[in-house]
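Read through the structure below, which is laid out as structure tokens, and then see the notes.
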């Protein structure tokens, strides 16, 4: 395929075994990709191949399996790092975005954030980019400040600029909202934050899977993402960090692998990134994530992004025809990731999702781990349809007709 | 039968016009809980009458049709009953009350939230601790 | 198979695809099981099945895949908990033993261990049961005390009793040494520790995979183990904790799943064990660990243990015939796990392991993440052969003849 | 050819009788490092002579035959050379010195430990920082 061609959804679909299954006798219409994506055969095969051919513990091993496993693990680190424009030594494998923000909280935050300091975040964040900073702030006596949103669901940049006047030590912001789809201009945000003397943490959980990302261009200090949201296995993700920052940080977890030498009364630390990878790492899933990166690279992230933009545009047009439907978030597809949040009249999102499931349509309903945003929106919960490479306009049509059925049942 | 079949006339009616909805002054029992998995909230209040009976019962809450209707129907069922009755109330009783719908494990939690709150309030009133047997995951 | 029958190694071997591979043209003789074990088809299939049929995020989901994934994940928790005699609500899924001890350090230790307190551990511990307590002790100003060993490589119980006189707040001890194979009487150790008022943490990384373990009988407060060492996938393990202790602890990582409600200025926590499972959990590998537990249960842990005892006995007899070989650790197979540490004359363990690898024999060489123990033994490193269900006396014979060859090359 | 072939006569000889083994007083360069992956340790000392040459060089260390022999052979090779020579020394030079053995990525680290220590010492002496290109994993 040429990169300029549109994505061949049918071809892509044939790579995903789960899409063959039926739900309540209907074709599975999987629209819960912001929660977790499905996995192509290529990723599943990488796991099977690892366990069937080279499984071994890494790094400290002299035997052949150990050497091969180490080469595969480190090869995957290079691949994943390159995918987001980072160097391999700047990439720490973690369980996912949540572990990444907690690592920064413990290993960087408790060392560098002081009593009375300000930490700035926004009210559109996922809990994993809020709760760690709340816990950090409580621990060291810092203040946590939330930047609000404009009515259209984009960040209030005046408020952000005002927050920077307090010379925050940390600015933690999402690249793309998992509820509204809002894409933040993290490049400009990080540049301003840096000028104001702040360290920057960008939550890329909803960006890396869906659009080209280059951390060097963004100019952030830390960048985090999850493998399971980008066609990779569960249990693996990455924290990318500026090398000098990583080197200056305290270790996070203590144990094997992250040490250089252990004496009875103290220990010394391994080089970065190993200093942050205590214990036996998640070898197989790191390699699986490398396979997911290969798969996405073969498609081309530009093409993934245009595909999702087309789906967002089509969805907004299509769902506008559903009576009683309220959509939350920006409506300009070029400013919005592949995420559509909505409610239908007075139907509670959980009830709505139950009825959609009956038709094989899988959406998420709830607060999406973003309760502060729900409060700002003035709702307890929303329904969310979110896309990836195997979704097509057919899926949007199926969503629409199921919504119409729900309207009938609820007389909404 | 599918899970959507729960959205019968009655459930929708209790959802839109919940009976015993509201708060009372100086209740003897006042318990509140939320379902961490979906955010639904229910608060139950009870005035205890002679013979340890439920003289008056009210609830407020926000949530889905299933949790609101189930909590509301439960208040109707509980009124006049002895507190001991609450202790013996089971998951099956609640599901029967709702017409034995086919619910997946997470929606069952919505259906049982009202019962869980009422039980924890009544146990507390009786000086005991209610240990929710369904607190773990959604496998049973 | 009746449980009383000996283990049918040939039948077991046919379940492990990797055992078909050749290393340097030779049959793979995998004797590095204390580092990580190989995986049976049944475990690999469980992963493939999960990703091909029910992959979805868990707990917050209303749709069918989500319900099924949640049921599988929680079903696995019950299975794994039952395997070690715990209740499901007492089991927290973690990455492995290292994350478990760090979780206890952060969530329990920083709350309950005070300045001037004593933490007792032993010099036979793996770094993951040393470094977290060093970091904790430094943080809160506690003292870390190491109990030594007797000449035969068993714990010096007089020293242990003396250490208890200091009324330690924590006793952290391994169930089975990953270097010497020493099996500690953790039941008696925990009972004494408890009487002395200490909380107990048992590192079960080398016990759960190899012998029947029942945490209720042991009477410990915390017990930790790793899935990848017990035929399960990498990236998953468990911390078992007494329910009241888990409930009294602070959360560890903050984020999705572990919260009940999040407000701008604070958050409240979910019930245990969820309070400690922040972010998207490692769903697939938890389910894979459940499959490993099924596999081990079908064989029977008593039978696994007797099989390994036989191999230990045979190895000690066989290797006694190798000139210049020094064995480290207890020699009574009933007091020793399936681990044989040794050195050959002045041949450095890494050189030895390289030569063995040439013959397809995979052993580990190094400090085995137990540098304090190496110092006590007076060596920089050892070679280690360790067993599991697919090993046979043939493997021990292959080890022996390769050692003889190494002796020739090194004129040792 | 297999990796065990490295254990030729010469390597074993340098392992058992390492040349330039020991310490000197007041060295100009003194660097030490250990391989976190296997625990091998090497310390290198250099006395710098006229014209920025390596007038005297000594090492101590404990480790496997490969790391000890490699460090020892390197001291012989380095003696009399200019410090610039050390900066330009490459992995391939060291492997050639060892007779181009087939080494897996982790054993290569043993072979290169002496060079790494010498380089970091010399870079430090010259007021620069040595950034080990092979520090990450063992894939190259």
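Assorted remarks:
Letters A, B, C and D mark the chains as written, and numbering starts fresh at 1 in each.
Here is the rule we use: a residue touches a chain if its C-beta (ideal position, glycine included) is under 8 Å from a C-beta of that chain, and two chains touch if they have at least 3 such contacts.
Please read these numbers as outputs of a predicted model, since none were measured by experiment.
With each centre defined as the average position of its C-alpha atoms, the distance from chain B to chain C rounds to 44 Å.
Remark: chain A and chain B have CA centroids separated by 36 Å (rounded to whole angstrom). With each centre defined as the average position of its C-alpha atoms, the distance from chain B to chain D rounds to 74 Å.
Within chain D, the positions touching two or more other chains are listed as 37-39, 104, 107. In chain A, the residues touching two or more other chains are 24, 60-62, 64, 66, 259, 261, 350, 354, 357, 365-366, 371. The touch graph of these protein chains has some other shape, matching none of line, ring, star or complete. Contacting chain pairs in the structure are A-B, A-C, A-D, B-C, C-D.
Note for the complex: chain D touches chain A at residues 34, 36-39, 104-107, 135-139.
Within the complex formed with chain D, the chain A residues making contact are 59-62, 64, 66-67, 70-71, 73-75, 77-78, 88-89, 259-261, 270-271, 273-274. Residue ranges of chain B in contact with chain A, taken from their complex: 2-4, 6-7, 12, 15-16, 37-40, 62-66, 104, 107, 110.
Taken together, the chain C residues at the contact with chain D in this complex read 24, 346-351, 354-355, 357-358, 365-367, 371, 374, 380-381, 409-411.
Against chain A, in their complex, chain C makes its touches with residues 17-18, 21, 23-24, 28, 30, 32, 35-36, 38-39, 43-44, 47-48, 51-57, 60-66, 95-99, 101-102, 105-106, 123, 126-128, 130-132, 134-135, 144, 146, 226, 228, 233-236, 251-259, 261-267, 278-285, 350, 353-354, 356-357, 361-366, 369, 371-372.
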